[in-house]
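Lettered A, B, C and D in written order, each chain numbered from 1.
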Amino acid sequence: MTTSYDVIIVGGGVIGSSIAFHLAKKKRKVLLVEKDRIGCEASSAAAGMLGAQAEITEAGPLYDMAQKSRNLFPDIAEELKECSGIDIHLVNKGLLKVASSEEEENELKRLISFYQKQGQRAEWLSVEEMLEKEPNLSRDLTGAVYLPDDGHVLAPELTSAFARAASILGVSLREYTTTTGVIIQNDRIIGIETNVGNFYSNMVVVTSGVWSGTLLQQTGLHLPLYPVKGECFSLLYPAAPITATVISEGCYIVPKQRGRLIVGATMGEGQYDKKVTLKGIRDLLTKTETILPNIVEGEWEKAWTGLRPQTPDGLPYMGKHPEIEGLFIAAGHFRNGILLSPITGQWMTELIEGERHEETLQPFRVDRFSKTMITR
Amino acid sequence: MTTSYDVIIVGGGVIGSSIAFHLAKKKRKVLLVEKDRIGCEASSAAAGMLGAQAEITEAGPLYDMAQKSRNLFPDIAEELKECSGIDIHLVNKGLLKVASSEEEENELKRLISFYQKQGQRAEWLSVEEMLEKEPNLSRDLTGAVYLPDDGHVLAPELTSAFARAASILGVSLREYTTTTGVIIQNDRIIGIETNVGNFYSNMVVVTSGVWSGTLLQQTGLHLPLYPVKGECFSLLYPAAPITATVISEGCYIVPKQRGRLIVGATMGEGQYDKKVTLKGIRDLLTKTETILPNIVEGEWEKAWTGLRPQTPDGLPYMGKHPEIEGLFIAAGHFRNGILLSPITGQWMTELIEGERHEETLQPFRVDRFSKTMITR
Amino acid sequence: MTTSYDVIIVGGGVIGSSIAFHLAKKKRKVLLVEKDRIGCEASSAAAGMLGAQAEITEAGPLYDMAQKSRNLFPDIAEELKECSGIDIHLVNKGLLKVASSEEEENELKRLISFYQKQGQRAEWLSVEEMLEKEPNLSRDLTGAVYLPDDGHVLAPELTSAFARAASILGVSLREYTTTTGVIIQNDRIIGIETNVGNFYSNMVVVTSGVWSGTLLQQTGLHLPLYPVKGECFSLLYPAAPITATVISEGCYIVPKQRGRLIVGATMGEGQYDKKVTLKGIRDLLTKTETILPNIVEGEWEKAWTGLRPQTPDGLPYMGKHPEIEGLFIAAGHFRNGILLSPITGQWMTELIEGERHEETLQPFRVDRFSKTMITR
Amino acid sequence: MTTSYDVIIVGGGVIGSSIAFHLAKKKRKVLLVEKDRIGCEASSAAAGMLGAQAEITEAGPLYDMAQKSRNLFPDIAEELKECSGIDIHLVNKGLLKVASSEEEENELKRLISFYQKQGQRAEWLSVEEMLEKEPNLSRDLTGAVYLPDDGHVLAPELTSAFARAASILGVSLREYTTTTGVIIQNDRIIGIETNVGNFYSNMVVVTSGVWSGTLLQQTGLHLPLYPVKGECFSLLYPAAPITATVISEGCYIVPKQRGRLIVGATMGEGQYDKKVTLKGIRDLLTKTETILPNIVEGEWEKAWTGLRPQTPDGLPYMGKHPEIEGLFIAAGHFRNGILLSPITGQWMTELIEGERHEETLQPFRVDRFSKTMITR
């Protein structure tokens, strides 16, 4: 007789690892399967920005979710450090969103009122104030919004810490295991098929990022997801030319430990390849040089890409499969997987445990683009 | 209306690339799709031995196939160099199969009669003759078979040369494209589904190595394939301590250009992971040090693994799907994919072109383990 | 007129960087020159053991120095984190020195009395007690000394943190600058010659590890130093098989973050090359497998070497040049450069500042092997 | 008694390795010492252009030398392949020097008359002719000079082949050996001092590139040499967008095997560091994109630097030391070390063997900037 698990999670990125960690804290017997290595895709490619305000600039369910998740980071950082020994390097030096034209300035000022209405901190800095804060920024900018509460973490460390903490709490990790299908009996999930055999459980969570849709096709669910390739590079300085994260239309610059800057990210819609192109480097270079002229003094470290999983309406999928009992989905977090991972782990665990009503996740329901399911 | 191809090949390893090249020479409009990069799996991990005699030690269809394929190498090396500009570094310095006990010696001497009966060259070397040829081998060995006709090539270069030559002759290469299903209409193949959309063709060849079985499950074909993980490492010397390839029970040592030795390979049955273990290194080290004591003077370069696709009877699959018209399969070449790639490319092309009767590939038929198909 | 410095330090390893940091705290204007990159030699190759007891097993000036330096680590870790933002990952889980024979056991038990006489903690563990603490150690061992106060840090991070903190406090760092000579006038140092020109200062500290002797030949000082090449490798585990550092005759195993073990180190006396040999890997493997049998389950990460600067009597050189005023030397810390770096930085700074009498460093005097100097 | 050599060569770059190879063919007992690894500096960083015409655009001793050296390549490629087994990938597809303004066009046309007067082939291509040859070049260029006889090789392979062939012919190679001084007795060289002891010979050749001057200071010779840092990067294409080498004011693009382009090189005068800067990448990118717009489609492979040894008048040093008998120098080949290595190896060997009068190397004499020597 083969082992059976309380929950099987398919996909060892930051989302799957966070859910595994949160379920483990509830004493659940969990199996986490990953086709390659833990965190080897988008989760490790990320710059680790916690841009709860910077990235989500409209009221709505994603905005609320992002604020809540950002607020969980101080505690989660401490908890993960204690349990896994890994420091996720949470930095809270704020974020500057810069303007290079009057139009952008007006747009940013409009945003400030929005933030303030939401009860969030946000402050307009004139060019002088901005340069006082970050003296290496370009004098040709027209000012910036300062968001003191948007920080950043080390993305590969975060994923690794969730997975290692989960493992220490008893979760079984299986790397290099490709899930090829789900096993369904009488409209109930009973397990998964993989390249190394079947695993059984009455609850399965699909957290396979952009690859989630393909796995779920078999269940009749239309779950549209497409990759947005992001090219990034990193630079080294004796002392980093900025202290806060700086973002602008189309690029961000995140200062990390030891004088390292991460610069990202291009937006290659529908591209599944992981090639860094010279074009990508040029586009990032051109944009960032306008903002931070002496960025070019930096020493080249390396370049890489990540495939961020996007959905048609920009909202992640989080919820139950409409027809198969015991089948859950959490995918499509696009550029905000790092930021949203704590709250996703928490909410999905509550949903699985029956402690949260699925109505509370209504905007994220997984069948919102699946006509068959809706008309059923 | 979307483009249609004469033939679609699923899997850009050495087998798929060779078929693409051979079809291109017939002016076929071919699409080669590969889930990651060309040659990124077993094809690049190989040491490139052309052990037609060394590896296949019994009469039978595989033995004949291997001899024929080995004989194609001088011409194919020249043709690929001319067409792609890539030198596959064909080396014809022979191979020594060494014995460390009377039992192994008797077994090897029996092999010599077998080779000679097959009309192949093979010669017994006493310890003194062996040491004259390769003075660094251990004096504790009891002798060796010398196979002057077994050579080696650079495996990554061979795959790359097939693919590049195919591309130059007009084949479309699509890397980073995962094939998720085959499209069948009235028992006829009409195309494939991938993560970037569908592609159409009335002929599809599956050359996905150990991953081929999973793709074909959908067609009802039981095509058993399992991985045998092989760990290898390479060493550097001012001058390589051997000039011929040396193999023994459980390991091989292949001398490459610039004083490099490749040492392989462990046999991890059923292991899908690509981790090199300290145990693997230790096992290879222990075996090779017995044969070539001063191998330990070498400078460590690197270690890697490959997943070799094995079948229950050790023969590759080559042929037509028993029920779906237009669907072809070439997979399961185990440790001999490099050696067998030229003849596989040639034979599969002939089969696809209708120039070869499938009866000639009878021992390799793809439904030999598929009861359903057989009882049909 | 060219800039002049209060102090020039020649050599950007952990010793030079620590001195730079300590001088910077005294508001000195310091130039640190390094021929390649900061910490690129022995300082980064180290496993970071703080083996104040484990490594120094006799009473004497080195023993006292080591205990004092180890005791500085908690404060220095905090200070460096605050100033440079870099976490040196100080771990205080103790160290086990294991015995595999009655002879080794007796020797270790003798050591315990020695440690206790010195007022240091040390405890004998029977095999059962040892296995309770570290269940994966071999049952064939005969027991172990437990040293609860010997910890470890990340060696590259420590060097980097000293240098970065120094830089933040105003020290000028010049990498890729080779010092080719010292400039002397009337038996007084006035500067250094480098490949990019001269730099001037009335105080110069040579901290060039094994390369220090060559630079000082010009001054008539015979400062014997020779390299001891140490080969190391690292392994990855889902969970590390040990929690404390384990050392034995001829090898050590240090557990780092994220399931990583560092295994070291061979002792290649007089070897200046940085080649990892298969022999080195084999020797470490054989030794460690005896102690920790399942070490072989680990995944291979990488191998490297470092050149540790040794002196004829095993004591580092720390002090003033006997004839040239203003010329100081701190080199030859062998396997204990990481451990000894805080106290060396402190003592050398005090010596330079005139706050410490050179008599206190008598055992480390730099002319102890220089007959000419002594007889002068 | 220690071994003595016929000749000791100090510096294992392409120049030292070529001299070692040529001396070995004369049956000389040679020791080649190298501070790190053979070819680890400028020799491996080079793009391998054989720009005998493209790089040297004035009549004079360097021009003649370059033509002669280029003509040696077909034979040397064959000889090295046979002796060392290494293919240096000599490619003879010519070189295009493009013009982007009328001024540049006039200058290039003037060059054509010069080449033709020298008896060299050179041809003006109108924009249309240029685009017919290389359809991906920019239509905004005004034309190009076509130099059919300027080819390229793989620079690391060339150095490696010289050294390995030398080793096979009996030369002793000592890597990781730093030469700290020359040993002189009665105005005669008798050996060298290194970090691993002394080596003796009555003939020593210094071939240490930009580091040669420092070593020779001790002999009173002023041999001005300074580094010119060159940053380069490489790109990968399914098919390279050019077939000939393309050069322009300030950059070159060299097409290598397997769809790789090498782009170089910046000119950082006096810079000894090996850091690739974002500025360097930007400058090359901007220049090359003007010439070859779709270069940006390429996949980023990697970036690197080399330190090219320059002299005040742009001519290398080749000859005898003016005062120390038995001491020879060959250094300062700037951007043309690869191109000039065969003839340098040949001429220096003839000089050492007494088969060539030093008057024939008059323009390259080593004391031309050393007033003391001249006035002696």
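Worth a mention:
One rule holds in what follows: a residue touches a chain if its C-beta (ideal position, glycine included) is under 8 Å from a C-beta of that chain, and two chains touch if they have at least 3 such contacts.
Here is each chain with its UniProt name: A, B, C, D = glycine oxidase.
Remember, it's a predicted structure, so these values are computed and weren't measured experimentally.
Set against the Cα centre of chain D (glycine oxidase), the chain with the most distant centre is A. Chain pair with the larger contact count among C-D and A-D is A-D, by C-beta pairs in contact. Each chain gets one centre point, the mean of its Cα atoms, and the points for chain C (glycine oxidase) and chain D (glycine oxidase) are 40 Å apart.
In whole angstrom, the spacing between the mean C-alpha positions of chain A (glycine oxidase) and chain D (glycine oxidase) is 49.
The multi-chain contact residues of chain D (glycine oxidase), meaning those touching 2 or more other chains, are 275. Residues of chain B (glycine oxidase) touching chain D (glycine oxidase) in their complex: 85-87, 160, 164, 167-168, 173, 238-239, 257-259. For chain C (glycine oxidase) in complex with chain D (glycine oxidase), the touching residues are 175-178, 180, 195-196, 211, 214, 217, 270, 272-275.
Against chain A (glycine oxidase), the residues of chain D (glycine oxidase) that register as touching in their complex are 235, 275-282, 285, 289, 295-300, 303.
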